[in-house]
Structure formats: structure tokens, C-alpha cells
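The structures come next, written out as C-alpha cells.
The two complexes that follow have chain A in common; it is paired with chain B in the first and with chain C in the second.
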Partner chain A sequence: MRNNAFSSRQIGLSLAALAIVVVYALPYIYLVSTSLKPASQVLQIPPSFWPQTVTLENYTRILGTATVPGSFANSVIVALTSTFLALVLAVPAAYGASFFRVRLSIYFMMFALITRMVPTVSLGVPLFTILKDVGLLDTHLGLILAHTTISLPLAVWLMSAFFESIPRELEEAARMDGCNRFQSFFLVVLPLVSSGMAIAALFCFIASWNEFLFALLLTADQAKTTPIVIAEFRTAYGLDWGPMTALATLYSLPVILITLLLQKQIIGGLTFGAVKG
Partner chain B sequence: MKAERRFAYLMMAPACLFLLLLVAYPVLLLVYNSFFDVPLIDPSRREFIGLGNYIDVLQSSRVRESAGRTLRYTAFALSFEMLFGFGAALIFSALGRRSKWHRTIFTLPLMIPPIVAGLLWRFLLAQNTGLVNNFLAAIGIIDSPSDIAWLSDPAIVLYAVALPDIWITTSFVALIVYAGLQNIPQDQIEAAKIDGASAIRRFWHITLPTLRPVIAVVLIIRGVDAAKTFDLIWIQTQGGPRFQSEVLSMNIYQRMVRYGDLGEASASATLFTIVMVIIAVIAYKKIWSPDNEK
Partner chain C sequence: MKKTTMLMQGLAAATLLSGSLHAQTLNILVEGGGEMQQQAIADAFTAETGVEVNFTVVPYAGVFERLSTEIASGRSNFDLATIDVVWNAYFAPYLDPIDDLFTDEVLADLPLALVEDARVDGRYIGMPAWANAEILFYRTDLFEDPAEQAAFRDEYGYDLAPPTNWDEFRDVAVFFTRDTTGDGRTDLYGTDVKGAFSEEWMAHVLQAGSPGVILDDDNNVIIDNDEHVAALEFYVGLHCEYQVSPGGVLETGWAEAQNLFNQGNTAMMRFWGHAYKQIPEDAVVAGNVGAAPMIAGEAGIAAIPGPWYNVIPSTSAQKELAREFIAFAIANNHLGIDSPLGLAATNSAYERYATEPGNEHYFPLMETLGANATRGRPLHEDFQEIVDEAVLPALQEALECRRAPADILSDARRWVEDIL
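Coming up: the complex of A and B.
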């Protein structure tokens, strides 16, 4: 195999892969590049890919608005809390459903799967009336509960794949040594899936961070998250592309940086269920 | 054994309770509401009208058209995602470990909020100032950067709004198919090579059948997500021009929020849910389990 590493076929493949990646990355680079342009260059004809002068004025304008800092705080609070809630509920559930072969567990997994098929809008419409009745419209808690309906099934499926990879003998050995079932779960099994939990947490966090329709339906101004503010920009301020691209960059960059750091684990988590299942 | 069962149920109970309260109950409420006419001004004076909302919804050409658009949007986005995703995965796989950096960059679009992706493509597709039209004009495909009105031409808007969808999710398909390709037994491929099978035959007879469960998962997950799409299109066109990019999610949202018709919104949302679950179950059974390993 080694001798044909530099054959023309390999070179062709490398070039193709490079081309795909460049075409793929360009739109996002252009978003960041636009956010660094002064207002006069943003809508220039013909457009230039790179800024002729780099400025942070779009960022200072964005951070100076009344809504943006608060919406960022809302996004963080909602995403962190719903991730926490989803994991607290999903990790034991996935353990119970996948580690012990009980009859109802397959129905539970099906239930979690079907939840994913329900269109967001179909859940959003009745959730709107329910949250309105109990006074939770436009509150953090209301949106946290709504986002957990997305992240909980996701975490259940991811975690059950991780639990299935752990030999049952370990749990049995722990109980021989005098652990009860809770102790063997917390002290023996959980530490083994800690990296799996980190991935599940990241996926839950992103699901909430990026979510739009629930936030649009269930919040107004107290609890609205940044995606809503991004969408409102067009109506409230006209098409102000400079600040809009700055806000979009600011909102997506943290997640992208985390992704780069945890790259290997994410691909693992992403493909685990699909390939092994 | 009994203690084990009790423990397993105890572990599942809180999550079950949550899903019952916040998924099952709302869906039941949705179905219940769909049988009522709920006045906007005084919702307590609701009136049972049986299947009235369903008849109204199915007779509404706007609902039918938005359902048709949802189908076309899903088919269009899904076929290009599969095509590009498969292509990229095969190239990465042929490169082996040297494709590590390519794959790293490929994970990034997955994490971009759809609202940001939609916004960005709206900017890219703008007439006159947009990068796409200027590029096409520069290489001579169109005469002037104002020639293609991607997001306001009724004939193409539905496909134009799918571009960011294809952009952010091709990588999902590529990464999962890539992982699936790594599980294909190399000795089978080698044996087929020795027997003189062409690359295309090897792909058709060995690669594709082995990838069947992976393809099923990708098709179902991506198909369901594409059919549910709201935010991507909303940020680009809000369903316009003249509803030409209004998909079903958006139609239901408008019926609920702009027209305040809870009954009809619930009826179409119920139909939407039923169809989605049925399609997903059929797809699951047809593609995934005929070999039934489980």
C-alpha cells in the first residue's frame, strides 16, 4: 500500500478533499470577515471577501444594545439548566433501560424515539396554552422545560449506547463486594461513562443554544434567547448586516471553539448510536 | 430478578414522568383542542365541532400547498445532502487517516445555529451585493449580479432556502457514513478486487448493503428534521414571497400566532404529527429491519 501513497490517484483525492473543505468553510469565514468590516464596506458592490479595514465597531454596537447582553444571559441560563435537567433524568433512565433487560425498557426507548418525530410546532402549540395556564410563559423555567423535551430523548439514546458498551460483570462484581445497586451505579458504572456524559451534555447544550421555534412561541421579552434577537434584527433595525453578522459570529463562535477542542469525542458520540446500533 | 426489575423501573420513572407530562400530555391536549372551535377573544367559550377543523384544514389550499412544499423541500434537501455527504465520505475514507483535518472542519457547520446559517445565506444570496451572484457574474454564468433573485423569485425560492440546510447538514451525513465505511470488512473488498469486481460493483454489492442500517438512520433523522424545518426558512423569507416558501411548520405557526386559531392550528399539527410518525415507522421497518439482526 505504501508505494502508491503518492500516485496520481492519491493526489487527485487529496485535491478533491481540499476543494470540498475550502468550499465548505468559505461561507462561515465570510460571515466573520463581514462582521469586521466598517459599515461603508458591508454592502459594497462588488463585495470584497476580506475587509479593507478591520474594525470592531459592529461588536461594540451590538454589545451596547439593550437586548443583546440580556438575551445572551438568557441563552446561557436556559441551555445550562436544561442540559443539567436532561442529564439528571436521562442518565439513570438510560442505565435502567439498557443495562437491565426488563420488558418495559423497549417501550421506553420507543417512546423517547417517537418524541423526536413529533414536529416542534405540534408540541409548541399545546405547550403555549399549558404554560400560559400555569403562568410560565416568557419565563426561564418554561423554556427550560420545553428545551428538555428535545434534549432528554437525545441524551437517553446517546447514554444507552454508552452503557451498553460496559460489561455487566463489572456491576455484578461491585455488588459481590457489598455495594447495593445505587452504590454500584454511582461508584462503579458512572465513572466509566463520564466521557460519554460530557458528550451528551454538549449535544444537549447545543440543542438548546441553537433552538428557535420554542423560544419564538414561548417567550416575549423577559426570557427571550439570542436566536430570537438575531431574527428580530431585520424587522427592528432594517437590514443592518454589519451588527447582524457580528451578533451571529459572537453567538456561534463559542460553540465552534468547544467543538474544535472536543472534536474527537464529538465524532465518536455522533456516530456511536448510528453505527453500532 | 424482581429486585432488579424494580430498580430498573425506579431509574426510568422520573424521565418517564417528565415525558408523560411534557410530551404525551401536550400531544393529547393538541388532539383534544383540534376538535374545538376556540374563539380568539374568549378561549373559555370553546365549542365542540367534531371534525370541523379537519375539514377546514384539508379544504384549505394554503395548507395543502404548504404540505406539498414541505415534501418538495425535504426531498430536495435530503437528496443533495445524501449525494454530497456520500461523496465527501467516500473521498475522506479513500484518504484514510490523512483526512483527519478535513473531517475536523466538517464537524463545524453542525454546530452553527440554523438561524445563523439562514441569515448568512440570505446575505450570500442577496441580489447585487451578494457573494453568490457576484461570483456567478464574474465567471460569466450570468450577465449581472442582479440576474438571479434567489429569495424573491417564486419559481426557485423554495429550493434556494434549502441551500443553508444542505450546507449545515451535509457534514452530518458525511461523518456518519464515514464512520460506517470504517466498519466494512476490508477482506471482503480485497477478495472482490481479486475476483476482478469493478469499483462500482464493489460499492453496489458490498459497501451499500453493509451501510444499510447507517443509511436508514441518516435518512430518518435527516428526513424528519428537514420536514420539521422552521427557523432556517423563517429567517430567510418568513415564508414569502406570497407564501411561496411557506412550509407546514410555518403555516401552523402563523395560524396559531397571527390568526389566533387554536383549533385549526391544532388540527393541522395533529395531522402533521401522525404523518411524521407513520413515515418514520415505515422507513424504520422497511430500511432497517428486513435483515433484522435484533
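Coming up: the complex of A and C.
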């Protein structure tokens, strides 16, 4: 009897969760649905949620566009490299700030937080000037550095929260067992925050993957990323919904794939320290 | 010996010069689609001068953001930019004047409205690259149907034809608004009414004979003059009183109106001329679309032009080369006609192709662009803000059919004055 009641509650919760997911995912489902509609149905009035005729013409059209494969490759290169760079810098920085409680580390963390508060748009002109001076406009490296400025403070704060959860005694025990500072960091502390690194990596990747303003201002032909190409479907005389939604759908797939691949680590990271104490 | 040395030096110099010329590249900032509009011109320019032309394509709004950033930084990657007319006034202080490129020959070949939009504070700051305007699209299968023609004549006492003025437009729109399937619901409308953009209403304002839209030439606010009121009464009347447009007018913009027409839901559409070439093959109306000049009011035919201008940013590193390209582009303006938009700026370019099949919209477009009452939006740097904050809200309130257009425009006047 009690089992049945529990099952009903579970079913109810599951249905509620499903309803929330459906509502949340509705715009995305509509995006995918629109990408499968022929031109005459895209803006049909009254609108239809599902395509009456399924077609891949929008996909074949965008894949035949010269700029799309190149921009996709640029997005991958920039997002992966800036994520890697952000983690390489953020992990030791957050470790230092968390494990060595000196006044400077507090200032450092505050400064990292303040950089997150500066509106990105205000950095556009200075970044443009700097990158032009050093010859990095419209290069992968230039955009990677720009994106790293966005994701680095985020990664530092995320990672410092995970490092804070690591008992200092673990590192001290490792030191007593003969590890030096680097060994205790790499062999003992770092594996414990691997789920945190997965989360930080995912956030950094998404931040770079979807970034628009810097990509618009700092690239031209060689390093243009896909968000810019997606926006180009809006012109002064209208919006080409079919190809735009097709490209947006394709562009969303890598993030979905990465999220699924890192699902275990992400859940581990999100519940990290939840049962501590 | 001396001669040989000089010859060798001359050859070396010529080789170096030739090398540097071949390596020269002109960088142009342009909106997505704009590069196709100018690609043929660029190819011909390269063939004639040896200078490569590189288009950097950005999204529509990106042209403004990118050019603003480059100008603010004091250094530009672009020798030339192709910008929407709505940004001419804003960027004018940061652009090089090109008065000498507006020769008598060029001036004679351009519609007057495009020339006026090119001049800010008494100097020419941009050369039209291509231009567009709203014309009238109509369904030939309906207009040429003998049964429809007879029924229309019986009801209105004159022949069914593409309307040329407000009264005819309203009559035809009312006539075609009907339930074609017999289910009790209207499924064919006379036309659309766009509540998401204000350019169409502004065109009617000019047709009514206003000396300008929203502001006059001295930047006095005229949004509530008699012509603005009459145009708004006509425009909202189509929706509120005669109900000749599909519902959802506040959300109806360019794309929605175009789709309504292509699906066969409207019998007529006022729309940008380029749409004639963009009717999908599987559209209900494909093969049955006619084009006519924009309708006329008291002052005759009028429209708000939608031109794009080639401008030289003051930060350009190759100003002379940019000027050379601009002169070449306007002299060879017809080369852009083969682009997907199929647009040009000069009369001669349109005339050259207007009689070819598929270009039936060119004469109506030329007539509309060249009409005496056709003129651009005010070249005021705050005009876009005025549109967003005062004009569009006023139009949308009027389309809610609750208040009199005159009262709404009277309120809008105060908003515009506040912004100014």
C-alpha cells in the first residue's frame, strides 16, 4: 500500500519534471522543427508546430555555403583552446588562492570577480585596439585570448569553490608521505576536483562557443565563428528562418554531445560537498 | 654602362611597383548579402586595376557595431564600408566627403531621393550602391479573372486593375477580403497591415503630401500634422474599420507579410521591390504575381527608399583607392543586377534590364524611387531612437483601434520632442 503511494508520488514528480523539461525545451524543439520545414511553411499563418512536409533542403543549403564549414572549424578551435587555456590558468590560480590564505589571494579573488562585473561591450574597443596593435585581429589566437578573458574569472571562482571543499589534511597527509607540493597537487588534490574541472570546462566551452560580440568585433574572414554566420541570415529586408534554424540546430549538437559525455562528472560536481559533514 | 644600369634600375622599380600593385587589396565591410550585390563590380574592378577586393561580411546590425568600434579605436581594417541609409547621419562626422564623385553624369542618373540621402550637413558622404523601395505586388490570377473583373465592375462601377491611389486600394482590398472555402471564416484578405515596422505608414505620410516624415528639413517635429494624421487614419482604417488584413497586425513585419502573400492569403502586398525575384517556386502565388508602382495619395506616388551607401571611413588606410572603387562601382552599377536581390541604384542600370522577363518589377520600382514625393527618412542621428521610442509605439497603439489617430500622434509629438 505504502509502495503504491510512493509510486504514485514518484509518477507525479516524474510527470511534473517531464512537463517542466518539455516547456523548457519547447523553443529548441520548435527550432529543430522549423529547420525541417520547406520555405513556404516556415512562416505559415496560422503557424504549424510540426512540419507538414519534412525536408532537409535547409541543411543541404547551409552545408553548401562556403563560410559554414570554416566557421564551424573556427568555433571548435577557439572554444577548445580557450577552454584549455582558461583551465590551465584557473586551476593552479584557484588552488593557490584557496590553499594559501594570504591577503593577496583575497584581493586576487575579488579582482577576478570584478572583471566579471565589467560589461563585455565596454571591452570591445580596447581589445580591438590591442589586438590590432599586436597584429592578432582576425586570428584564432586573438579570439582565443579574448574569450579566455571572459572564461578565466568564471573558471577561477568555480574551481576555488571546489578547492575549498577539499580537506587540507589530505594534502598534509600526502606531504607527510613524501610528496612534494607539486606531487600532492597533481596526485592527490587534482583528482578530487576532476568533476569540478568538468563543470568549469563545460561552462568555459559554452561561453566561448556562443560568444558573439568579440567574434563580431575581432574577426573578419579567417577566424569568423558560427554565431556570426548564423546572425548573417538576418538582413535589412528580412530573416531567412529556414537556413538559420538549420545552422543553429547543427551548431547546438556539439554542446549537447559534450554535456552528455560529461554527464557523470557534471552530476558529481553539482552534488560535490552536498553530504559533507 | 650607365644606360644599362639605369635600365636595370628601371626594370627593378617597375617589377617592385607591379608587385606592390598586385599585392594591393581593398577591404570592404558589408552586410551579409551585400557582398553578392557588389561581387560582380568587384571582379570587374580587379580585372581593370589588378587590385583585389576583399569583402568582410557581418550580420546586419554588425555593420554598425563593427564600424563604430573601428572608428572609436582610430584605426580601421576597412578602406570602405557599405552602410544602410539609416546610419548615414550617425556616421557622417566620421566619413570622408566624396563631393567630387557626384559628377553631373552621376547626379543625372540617380533618383533625387537617393542623392538627398547621400548629403549630410551640405556634403556628400556616401555613394548609393543599391536601392530599394516598397512597390505594389498583386495576384494576377485574381486581377485577370473575368468573373472577378465583372463582379468588381458591378460593385464599384469601374474596372478592376492594380490600384493607383488610396481609394482604389481600399476598394480592391475590401472586394477581395472573403471566405473562399465556405466555412464561415475569412481566408483571403485584401492586403496586410504591418504593425512591426513604421516605414509603410511613413510612405503613406509622404503620399499625403507631408514635407517630411516625423521631422521637417529644419528638424521641427511634424508627426501630428494633417498629412501624418490622414495617413494614419487610412492605414489603421484598413485594419480597424474595413478589416481587410489578417489578424496579428502588431506582429506582422516584413517576413510575415511576404509569407502571407506567397501563401495566397492576401491579394495585394506593399513590399520592397526585391521580393519579386524571391517568390519560392512552391509558393501558392508562384507565376501569378504582378508588380505596380506604390499607390499614390494627394501628393502622388511616394515611398521611403531603402538604399545602401558606399562610404569611406576617416580611418581608412587607402582612401584614394576607396574613391577609385566608388567611382568605378557607380559607373558600372548595372553589374549588381545579377545578384540574388537584383538591385541597383542608377536609373540606367534598371533601364538596361527592365524589359527582360523576370524583371517586370523594375519599371514600377524606378517610378516609385523617382516619384516627386518619394524621400528618405530624416537624416538625424537620433532618428532611429525616435522611431523605436515614439513612432512605432504610436503606430501600434493606433492599430489597437481604441483611440483616435490624431490624439495618439499628438502624444507622440511630446515623446519626439523629449528625445530631441
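By definition in this document, the second predicted complex is superposed on the first by the 227 of 277 C-alpha atoms of A that agree within 3 Å, B and C clash if a C-alpha of one lies under 4 Å from a C-alpha of the other, contacts with A are read in each partner's own complex, and residues count from 1 in each chain.
The criterion applied here is as follows: contacts are C-beta pairs under 8 Å (C-beta built on N, C-alpha and C of every residue); 3 or more make two chains touch, one makes a residue touch a chain.
Bear in mind that the values here come from a model prediction, so they are computed numbers and not experimental data.
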Subject >> Partner chain in contact with A:80 - chain B first, chain C second, else both or neither >> reply: neither
Original post:
Touching A:217 in the superposition: chain B (first), chain C (second), both, neither?
Top reply: both
Original post:
Regarding the shared-chain residue A:137, is it in contact with chain B (first), chain C (second), both, or neither?
Top reply: second
Original post:
First (chain B), second (chain C), both or neither: which does A:97 touch?
Top reply: first
**OP:** Examine A:190 and indicate which partner it touches, taking first as chain B and second as chain C; both and neither are also allowed.
**Re:** neither
Original post:
Looking at the overlay, what does A:39 touch: chain B (first), chain C (second), both, or neither?
Top reply: second
Original post:
Regarding the shared-chain residue A:122, is it in contact with chain B (first), chain C (second), both, or neither?
Top reply: first
Original post:
Does the superposition put A:198 against chain B (first), chain C (second), both, or neither?
Top reply: neither
Original post:
Thinking of the overlay built on chain A, is A:241 touched by chain B (first), by chain C (second), by both, or by neither?
Top reply: both
**OP:** Give the label of whichever partner, chain B or chain C, reaches more residues of chain A.
**Re:** B
Original post:
Of all the chain A residues, which ones make contact with chain B and with chain C?
Top reply: 43-45, 124-125, 128-129, 213, 216-217, 231, 234, 241
**OP:** State the interface residues of chain A toward chain B in the complex, per the touch definition above.
**Re:** 10, 13-14, 16-18, 20-21, 24-25, 27-28, 30-31, 34, 43-47, 49, 88-90, 92-93, 95-97, 99-100, 102, 104-105, 108, 111-112, 114-130, 145-146, 148-149, 152-153, 156, 181, 185, 206, 209-210, 212-213, 216-217, 227, 230-231, 234, 241, 244-245, 248, 251-252, 255-256, 258-260, 263, 266-267, 270-271, 273-275, 277
**OP:** Flag every residue of chain B that touches chain A in the complex, lowest number first.
**Re:** 3-5, 7-12, 14-16, 18-19, 22-23, 25-27, 29-30, 33, 87-88, 91-92, 94-95, 98-99, 101-116, 119-121, 123-124, 128-131, 134, 138, 145, 167, 170-172, 175-176, 178-180, 183, 213-214, 217-218, 221, 224, 227-228, 230-231, 234-235, 248-249, 252-253, 256-257, 262, 265-266, 269-270, 272-273, 276-277, 280
**OP:** Write out the stretch or stretches of chain A touching chain C in their complex.
**Re:** 38-40, 42-45, 67, 124-125, 128-129, 132, 137-138, 213, 216-217, 220-221, 228, 231-239, 241
Subject >> chain A contact footprint on chain C (complex, rising order) >> reply: 27, 31-33, 54, 56-62, 65-66, 69-70, 72-75, 77, 84, 132, 246, 248, 254-256, 258-260, 262-263, 265, 272, 274-275, 280, 282-284, 306, 308, 341
